[in-house]
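Per-chain residue numbering starts at 1, and chain names A, B, C and D are given in the order in which the chains are listed.
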Amino acid sequence: MAATMRATVFVEPGRIELGEKPIPPVGPLDALVRITTTTICGTDIHILKGEYPVAPGLTIGHEPVGIIEKLGSAVQGYQEGQRVIAGAITPSGWSNACQCGVCSQDGPGTRHGWKPLGGWRFGNTIDGCQAEYVLVPDAMVNLAPVPDGLSDEQVLMCPDIMSTGFGGAENARIRIGDVVAVFAQGPIGLCAAAGARLAGASVVIGVDRMAGRLEVARRMGVDLVVDASRLDPVEEILRLTRGRGVDVAIEALGTQQTFEAALRVLRPGGTLSSLGVYSTDLKIPMDAFAAGLGDHKIVTTLCPGGKERMRRLMSVVESGRVDFGGLVTHRFKLDQIMSAYDLFGHQRDGVLKVAITP
Amino acid sequence: MAATMRATVFVEPGRIELGEKPIPPVGPLDALVRITTTTICGTDIHILKGEYPVAPGLTIGHEPVGIIEKLGSAVQGYQEGQRVIAGAITPSGWSNACQCGVCSQDGPGTRHGWKPLGGWRFGNTIDGCQAEYVLVPDAMVNLAPVPDGLSDEQVLMCPDIMSTGFGGAENARIRIGDVVAVFAQGPIGLCAAAGARLAGASVVIGVDRMAGRLEVARRMGVDLVVDASRLDPVEEILRLTRGRGVDVAIEALGTQQTFEAALRVLRPGGTLSSLGVYSTDLKIPMDAFAAGLGDHKIVTTLCPGGKERMRRLMSVVESGRVDFGGLVTHRFKLDQIMSAYDLFGHQRDGVLKVAITP
Amino acid sequence: MAATMRATVFVEPGRIELGEKPIPPVGPLDALVRITTTTICGTDIHILKGEYPVAPGLTIGHEPVGIIEKLGSAVQGYQEGQRVIAGAITPSGWSNACQCGVCSQDGPGTRHGWKPLGGWRFGNTIDGCQAEYVLVPDAMVNLAPVPDGLSDEQVLMCPDIMSTGFGGAENARIRIGDVVAVFAQGPIGLCAAAGARLAGASVVIGVDRMAGRLEVARRMGVDLVVDASRLDPVEEILRLTRGRGVDVAIEALGTQQTFEAALRVLRPGGTLSSLGVYSTDLKIPMDAFAAGLGDHKIVTTLCPGGKERMRRLMSVVESGRVDFGGLVTHRFKLDQIMSAYDLFGHQRDGVLKVAITP
Amino acid sequence: MAATMRATVFVEPGRIELGEKPIPPVGPLDALVRITTTTICGTDIHILKGEYPVAPGLTIGHEPVGIIEKLGSAVQGYQEGQRVIAGAITPSGWSNACQCGVCSQDGPGTRHGWKPLGGWRFGNTIDGCQAEYVLVPDAMVNLAPVPDGLSDEQVLMCPDIMSTGFGGAENARIRIGDVVAVFAQGPIGLCAAAGARLAGASVVIGVDRMAGRLEVARRMGVDLVVDASRLDPVEEILRLTRGRGVDVAIEALGTQQTFEAALRVLRPGGTLSSLGVYSTDLKIPMDAFAAGLGDHKIVTTLCPGGKERMRRLMSVVESGRVDFGGLVTHRFKLDQIMSAYDLFGHQRDGVLKVAITP
């Protein structure tokens, strides 16, 4: 094994570069994973633009598929050479947050065991996986072996967008027969729509402004689509539901407009499940909120992680219940990752997700 | 029985009057109840001021204790002469909303069975109970016999503030060992604090700006109090919890300031349970909301109604688990109800709740 | 309208007959429904055999599809001529049981509002629907209009087997990615399997001793089938799950053998969801139950009823998520119902469900 | 520090002895804790009698209070000299069972991450704490610092009986206003009763055959007691609830008789929460079980562990919500532990729990 590796590092706002870095030493609880496939997330674009600050020199990327290269001295239950994934969120397993059921808000170094987003480490507080190798912390908590029959690309969505999207459906506690609207049909929204269907929704309504995405949505099983570039989505959804409104509205973009529309289509007692990353304060309009007396719920979800979560998501792929293979629209070598960022960052050529192979 | 009765009616914004009205005829599913004790709610003050519009001529009031005077022809299971209460919210029992678990959003006349606040009928869409008699709709759903050992005043809080306050604690899904902050220690907040304790909170922190209310809070079992007129409640609660934050924050006032403070003291993954009636749009600050990624939940609750709810609340009073008798600080005859409105509306003389006896 | 109608009545153990009965008068809360399609349930066979006692002279049957012939004087929100279904269970909407969330255990005539199975009235405590007309009690709670696009047969499974089967999956609180085994693939088991899939199970394993039923199971989307006439289902399921066991096991037959097998294939912390009607005491083997320390759950479900439930189930059919049309294997006129009983009671000719049209 | 320590070891069925053992070496994730107080559990008596088999030579005991003597090389967040407790159950934090929400069924060495009771290690699969020192595995998951104001005896019930008893109440999902019966008022039953009250039960009924225990129950806040040596508890509870039955029945003994009585007092739709350790197969009588159609639930609970659980339980003690100090009826030095076993094993002298101090 070489002593150094190529890695995609954040340099300064507006600049990410492919550089050379030492391959890190493996601590007792760690595993070193050789990346075979990874991808770029919308969050990485925020980092690139400097909208979400990370330390200069940090390796970016949080969606790893790879092969175990080396196991820490205290790690049991795995073998070197095994093909694995790890979630975008890598909880410690031992914080109070984990034991309290909010693993993604893990903060083992803090006084009380949690800090907001604390479980998100790859490409945020430690080196990520747009590189030849990644060091997975708390490996026994986080490494999930990939079933033999599944390709890298088939499980590439599990670490982040599938876990996040499904999480939005799960936290909304969808019941059999619910009507669910999903605002924005990007990768997260598409996964949320699939999760809503999987959880029992009898009608899933997808909303977007891009005709291409609505087409993908239809192909992936969304029942009804609303083109928000042509119609007012609130009016249209109320029309489609004959005034009933929806039981659950999932926000998957992160804007005031979609958040507010999601609230306005909810029936009394309905749940707004928010997945978007907001960059401004949000407003809750009093009329849509029934002055606080409508028995509404607003829930937010950060991508759930951990090996059991990954195992479950891969079992859903394996069963054929969902097929997110079609989300990978473009493929790049790691050497070409700057082109991939350019394409993905500007949403050119109908890109949904890219696959990067070192 | 006389043909007319005295009743407190809304005349126009700023004016409520005690007038004379016909005693209503009793439909097949109704019950006519002779009021023995009732009270005034903060919502009635909103109505008086014209902030919450109701039809001129409507009898106000939604917290009835009384004696069954006459039962509708189709009502079974009760006897005339029985002492009963009914909830402030009187669901129909047969709407889709009721069967969907959101009885307070009942709208049986609507196409889909719900409308916001639809279950609130007394003093809102039908004549209320600040009168000698009240007609209780869907009597079999709503009439709850009062156990012999309990006085009118002991059960007077059940129809609204106890049901609402407890509902705020219940919907927050408090777990044994949770730390809970309650913003505002008026009647609803005091009930929410009691509900939080009853549901297993190990520490309940009460916040208010009025020293008298904080004293009542302490007497009623609140563990720690924060005087928001002297201290910043967010800083103080973070200090008291040694930086941990609270698992659940209950908003019981209905202002941006308390809503925002409630959000800022929450731990990641915590729940903001909102009971207040807001009169303006609300702002969710991005930092407090972790950009939508903090696994926060915001839940709202409208007072649960129905006879089973009332039975349960009275059983809690009967068991001695709580004692809200002390909340009645002043007593008036129905003839003096204008004085009661004056006192309660201006929050004079340390008033918490008044008892009105026709 | 004639004064009498044909009706299938229980005469004595071993004897059910098609007779003539007066068409009942319509009380204020009732609706008279002219039956257009109905079916026979396994429970009816128990009644026929005298294993479940009902009053001689009672009309049998609890799965009605029909047209509203006449509405009670107090019923609002419907029109005569509307096509409707009602659930096998017809809760009152106003009992304590209903308000407590256990509508099927409704007992409005009892002191406390519940009695076991109290919500099951059709063909049990009041006349049922294997007749030309049926009187639906508490019509506003129970009548659900059938969407125009759906045929009688498409909604014929909603009143009982679909509601029961789905209820078994719902009460087991299936999570996305669960592995679920369903013991017995008769009509209820097939619906439970479909419900498990709909609720997010990634693998559903169907067990039966009849090859024909396993074939139907496969066609309806069951992932893996186990022929219990050839293999030990416990061993086979542990083999299929590589020793892991299942997250949820659904019992849909009502025997000690299937109950026990369901317990033995559960992982620690798993849930046994029981739908069967047992005719003997049950034994819980200590080893399978980990001496009471395995964090196991056993939940039982009686068919949920009410118009909102029916609306939701029909919306699932309408969406195409499931197709139970194939369950109707044989069709009869009401005049031939004795032949239908003979066929269904002896499980001849691969019968799953029959459709009876007056 | 000496090289050896005194420890209470299982020798053979019927024989436990105080012996001398080497103080174990401390692995990277372990902590060595010097025991300051511990106790004897009913389970230890089962072990002594040979009813629950453990390896000869194993140190017994699973309820440790002590001081951190030495931390493993990879353990962060603690200091030597800190006073701590650990739960009777010490989950790994990284098994699939832990991530699936069933930490007590942890089985990290198994193929799928769980095995029945796998999280119970102290005095079962590894050396326990009736000794001068105990090695705590996965220390970061399991060590909970004791708040300064609390004595050893005040927290001595947290590791097992309080966690188990409260768990029985929690898993029953008690709602405010529930009526709860607890069968057997030994240490676990008393804690379950306290937990039921803490979770919102308005009436808690305690059942036992020993007058002394019923007296303790009353002192600790049980509302009504039933002496099963004089009255039939099923009849008496139905009388006390005026035929209504209870919402939740907690079994805290582990016999057919109490299990069956618990089922017979349940209302339809009620929950039987089982905590007992059964030594024979259980029978579910069909009549009490409504042939499987009563919407009953049976849930079992193994003591929840982990540092967050311990922190929460200690916060309940600290708040004064419960006071289990009175449960310690007798005190012994470690040298006298054989006398303690004798007293406790034969339930002499009104013993509830003993405190053992090395």
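Operating definition for what follows: a contact is a pair of C-beta atoms (placed from the backbone, for glycine too) under 8 Å apart; a residue touches a chain by one contact, two chains touch by 3 or more.
This is a predicted model, so every value here is computed, not measured.
Shared contact partners of chain B and chain D are A, C. Judged by contacting C-beta pairs, the busier of the interfaces A-C and C-D is C-D. Centre-to-centre separation between chain C and chain D, using Cα means, comes to 41 Å. Counting partners per residue, chain D has 100-101, 311 as the residues that reach two or more other chains. Listed in rising order, the residues of chain D touching chain C in the complex are 97, 100-102, 104-105, 110-112, 114-118, 242-245, 254, 267-269, 274-286, 289-302. Those residues of chain D lying in contact with chain B across their complex are 166, 169-170, 175-179, 195, 197-200, 202-203, 223, 311-313, 315-316, 318-319, 321. Chain C makes touch with chain B in their complex at residues 28-29, 74, 76-77, 92-94, 96, 98-101, 103, 108-109, 113, 138, 140-141, 306-309, 311.
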